[in-house]
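Below is one structure; the comments refer to it alone.
The first chain written gets the first letter, and so on, giving A, B, C and D; residue counts start at 1 in each chain.
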Amino acid sequence: MEKYRVGILGATGAVGQRFMQLLESHPWFEVAEVVASERSAGKRYADAATWRLESALPKMARNLVVKDLQSTLACDFVFSGLDSSVAGAAEEAFARAGYPVISNSRNHRMDADVPLLIPEVNPEHAAILPQQQAARQYSTGFIATNPNCAVIGLSIALKPLEDAFGVSEVFVATMQAISGAGHSGVSAGAIHDNVIPYISGEEEKLEAEPQKILGRLDGQHFVPADFRVSAQCNRVAVLDGHMESVSVRLKRKTTVADVREALRNFTGEPQRLNLPSAPRHPITLQDERDRPQPRLDRNTDNGMTVVIGRIRPCPLAGFKFTVLSHNAIRGAAGAAILNAELLVAKGYLPRRTNAESELEKLLEASAQLRR
Amino acid sequence: MEKYRVGILGATGAVGQRFMQLLESHPWFEVAEVVASERSAGKRYADAATWRLESALPKMARNLVVKDLQSTLACDFVFSGLDSSVAGAAEEAFARAGYPVISNSRNHRMDADVPLLIPEVNPEHAAILPQQQAARQYSTGFIATNPNCAVIGLSIALKPLEDAFGVSEVFVATMQAISGAGHSGVSAGAIHDNVIPYISGEEEKLEAEPQKILGRLDGQHFVPADFRVSAQCNRVAVLDGHMESVSVRLKRKTTVADVREALRNFTGEPQRLNLPSAPRHPITLQDERDRPQPRLDRNTDNGMTVVIGRIRPCPLAGFKFTVLSHNAIRGAAGAAILNAELLVAKGYLPRRTNAESELEKLLEASAQLRR
Amino acid sequence: MEKYRVGILGATGAVGQRFMQLLESHPWFEVAEVVASERSAGKRYADAATWRLESALPKMARNLVVKDLQSTLACDFVFSGLDSSVAGAAEEAFARAGYPVISNSRNHRMDADVPLLIPEVNPEHAAILPQQQAARQYSTGFIATNPNCAVIGLSIALKPLEDAFGVSEVFVATMQAISGAGHSGVSAGAIHDNVIPYISGEEEKLEAEPQKILGRLDGQHFVPADFRVSAQCNRVAVLDGHMESVSVRLKRKTTVADVREALRNFTGEPQRLNLPSAPRHPITLQDERDRPQPRLDRNTDNGMTVVIGRIRPCPLAGFKFTVLSHNAIRGAAGAAILNAELLVAKGYLPRRTNAESELEKLLEASAQLRR
Amino acid sequence: MEKYRVGILGATGAVGQRFMQLLESHPWFEVAEVVASERSAGKRYADAATWRLESALPKMARNLVVKDLQSTLACDFVFSGLDSSVAGAAEEAFARAGYPVISNSRNHRMDADVPLLIPEVNPEHAAILPQQQAARQYSTGFIATNPNCAVIGLSIALKPLEDAFGVSEVFVATMQAISGAGHSGVSAGAIHDNVIPYISGEEEKLEAEPQKILGRLDGQHFVPADFRVSAQCNRVAVLDGHMESVSVRLKRKTTVADVREALRNFTGEPQRLNLPSAPRHPITLQDERDRPQPRLDRNTDNGMTVVIGRIRPCPLAGFKFTVLSHNAIRGAAGAAILNAELLVAKGYLPRRTNAESELEKLLEASAQLRR
């Protein structure tokens, strides 16, 4: 099969670099376009981006010429890792111009007609997309989002519990990695030998997004799940991997053993469809008493599984456990890629028929640029 | 006033070094004896201890000769920073030999006749001491303890809330500093770029000690407070300062403003008695939205105040906030010193009349040692 | 004595905050004016600065109103912690307007008529100031500078060796703290679990400034010392305290014992004059084999002494040792303050006679601002 | 080809775990025996070792039963990651018992008849092995060693310079990772926010081992290279990857461009023989001005290449540059494995003919153990 050509919005930022890394040898997608701020436009990607990942800058990316947000792109759809200061309008503009936008940005997550997707949790929410296109008068474009990096791990952990026992209350205290704030989001002087008990907007997201995700799509609109969440968010001096101390109150009486089994046996649509980026299990249990730990466990199953440990009774809420997910992979770029794979598999992502002719024009233009 | 001569049990360890540091120029106490393992016995303190604190090793301590746990000591009482593997029997032996033992170790904290003291919270619990002496047939000796380093901050935060509104449920997730585990308790390779979601025995202490502390002494025995605690303990890469994300459910309906006022106005016996190590306020509020932070706030008021911030509604339990306390000062050596000051002020700490003659004998013996 | 009123240029930055901290209870100087970028102008200092130091924001500073660089200041002289992007022109403007400028910025350090002062090393270089004033047609103003934060420790270490034995070659590899780059100079993601073997412009300064400092003032111009330096600069994950592995080749044959004695006995003008910020000794030797260490030794003598250890033979150059200095105190704000104290003691810093009347006008204006 | 069966001495330690990791799917070697202290003997490897690496404990290793140092092993040769406190005698005992010992320990490195091998640098030194066997009356056993973790990177960097220009003097200041000290070698409290300017014995090794490695084998004995090294060793808060700031004086005049070319074009026996663990190039140049960096570059080419950057003139010695090598892979377990591959390819590592029958006996015994 010929690969989908994809564009990366915000390609030089932290999330954008993860997209480049994870798509380097993706079986379905190849990066055809990179988009960033005007400052970077016109430069080779290798010159525009200060590459900050442990693996080398993918060869295919080196010579791509960065375009700005006003550009026409020769690609089938776009991933967005745009900063929230510009993502709102920019993603709408691309969707209106006919590009499906698979976004990691927060701006449209809670829109009434935008699915907030985790393929293992609520793949059926994608069915809102035709309504979105109709309501917004988009032709082939649309916007689909993935949750906040701290929400994804929690939501995956809650899903099998909601299905088996019903969730009524969730207390979560997070210890979040510095990469969650982007390349320059946290200064070394601020976090060194320190914990910062505040992340702007994060608690609000943790207290609202899970209900939309675990809710159901009732024809025209989303009905949120009826549990409540109390979140306290902390930044810690860890590079990657968000940790969460979670206490849950369940609706039906159960045992630690049954909670464990529900988590262990959880599987979802990406596993059934065998999507390229799907982890073997959405949840991996870690039985050692002092795990999960970010440095040791974040890369389990390529950073796409959620690692859960320390499942035990909570004297107040019923059960407590620790959740770890790789914020930059499962919680951001990898989440969006898995969403795109789901949308391809479900038939929501057609190729852009007119992309071919545009491509020719663009190749010519870009050839001129390089001279 | 002539100073009390004190002995430090476990003087070369992390807690022992803090005792030495905090007692360097104490107005009431002077270090007369240092006790450590047999390996160190007979050495000068400066040679036996690998000094690990930012301030210089106190001059008065350099030439003290380390004794072992079987020694007779020329001092009025002892502070114990012994490792829990030996503290149980050793502290009893010293108490039986007539020495008041002001201990930071966990072994006797939950004994039915041992006060678990925080001078601002339960100074009246000291009244159990005569009973302890009678029951255990101690003459002048006794054992008084301070709580676990993570419990102290929480208990001080809860006390004004219990008094004003009644506490019914407490959810606490901790982010604890590496110094809490002693000099070699955590290896660099274990905690670097990491969070460890487990500290042996810590959650049990957090779920049991506060009730004893906030309970009342009913003549012969302690009646624990009736709230319940759910704790999740994590180790983070911070040198000093335990952070706690706390949610509390109160018995009486109230407002954030009233919770804040209760915390802000809290004061206690050490403040009324103007004890030398008492902080101006047991609790210091930090109003900036991203505080308290361990590195910036742990040394407030010489590390003896508990810093609280982010007081806000909890959608589930009622209220949530962040608590910071310096684990090695307010949570350990400073706690024991404040306990000793309270016991002096309350008349529980007489000078040992026979200490003088022993002192002479000991000086002679030790003079021989140094030759 | 009535205190000098001082202004702080760049008062909200990392160096500016150190000035505020170190001047909180200075016996000679009090902060009367705070100057920062236009963005901060008109705000209270407490609102304009994100205070990042462990000690609390000085009370006296809270309500000072920040002025911009174009303002007239009611003060006797100014300290400059300005960013080098603006310091060049701004410092000249202030000097031309009659203000003595005691600067920590790099812009004018190597100017032919500007002294690059370390009071213990080259106090006599201040004698260039009248020439500077004459040549630049400054009236009461002038510019005096202190060296780069990594240069100060090295220069102080070299001075007694140059005097006693002559220095011919210096190899230095630095491990520099993150605070040396200012509040946001190093992102957490860049330095976490990492070493960065490059600091822009730093090696050039280390290879040129020491020769000016240890050179002599020959009437009209500076004659640099004739040794050569090879520097390699690295950034490490330490908050404060620059470490330097140094090898030196000396002109005269000597022994480790004599090198040690030369370093140990070194003293200078600030010690003789008993200046308020002078450390007891410019150099403090640390004899333990694994010292100095930044966290344990940087605050020795309030961060104003240079700590040297591991003095031993170098199989190639003759001698090698490790140098530590607190980059933000001895290497920046404290250096400038000690320079000002020297200039006061030497009579170079008169009070501004016209400041009084200006003060009145300014107080009125600022009173209006606050309404 | 049937795989060699190998034993790992010190299998539960930090180096031992790296052996297990790197041998998990090695094409020539499979781990047949794991040996550790008596405390671990008799346990399953999964129970005896506290696995500390990011990748999961290899499946093949889980159920291996740990033996003690006195055991007979059913394997063709052994890798030794033993602690130096026991390695000296133990490695000799195994060699005497007929096992080739490929050691990472320091004990025998400088023995006159033991090769100190880096396959790219001095593969011809292996020719000493028959002499060693004759002199020590070993039958099939022998001892071959790899250098200290900080020496390997430096020696590989020096080799092409020695060959092309002759090396006369080397100044090196290291910034070494915490994993170089083993799992518990550095406590978190010691290195947190700190640099430790001392590593026991390390400078001596850096000043002596390179000359043996870059020397030649003259029939019966090693003639060391005639350059001299001055080393200063520092421990920094980095997990893996030793950084070295190096200045070199060369015998023949040359240019930065030629030094760069010599480093870039360097290749060796492992590359020619295409050994399984050989990196594509022994040296990888990094051209960005702030590289190499441990976190970003240590895993280049699976951690087996030495990354060099910042090649520039040294005003004193001629040239300076920064060297990075992964201390736990290229500097330890990977070094030993590459040595074993070289010795196989060169015919020095025969299979033990009697291993088969021993194996049967051992399988029986171990079967009993597991009941």
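To be clear about the criterion, contacts are C-beta pairs under 8 Å (C-beta built on N, C-alpha and C of every residue); 3 or more make two chains touch, one makes a residue touch a chain.
In this text, all values refer to a predicted model and were calculated from it rather than measured experimentally.
**Q** Which chains sit in contact with both members of the pair subunit A and subunit B?
**A** C, D
**Q** Quick check: more C-beta contact pairs at B-C or at B-D?
**A** Contact tally favours B-D.
**Q** How big is the gap, in whole Å, between where the Cα atoms of subunit B centre and where those of subunit C centre?
**A** Chain centroid spacing, subunit B to subunit C, equals 41 Å.
**Q** As a quick test, compute the distance in whole Å between the mean CA positions of subunit C and subunit D.
**A** Comparing mean C-alpha positions, subunit D is 45 Å from subunit C.
**Q** If you average the CA atoms of subunit B and of subunit D, how many Å lie between those two points?
**A** Subunit B and subunit D have C-alpha centres separated by 47 Å.
**Q** In subunit D, what residues contact two or more other chains?
**A** 52, 192-193, 237, 239, 295-296, in rising order.
**Q** In the complex formed with subunit D, which residues of subunit A make contact?
**A** 52-56, 192-193, 239, 295-296, 299-300
**Q** Quick one: in the complex, what on subunit C touches subunit A?
**A** Where subunit C meets subunit A, its residues are 14, 52, 178-179, 183-193, 237, 239.
**Q** Under the stated contact criterion, what part of subunit B meets subunit A in this complex?
**A** Touch list, subunit B to subunit A: 169, 171, 173, 175, 192-198, 207, 228-230, 232, 234, 236-239, 243, 245, 247, 289-296, 309-310, 314-317, 320, 322.
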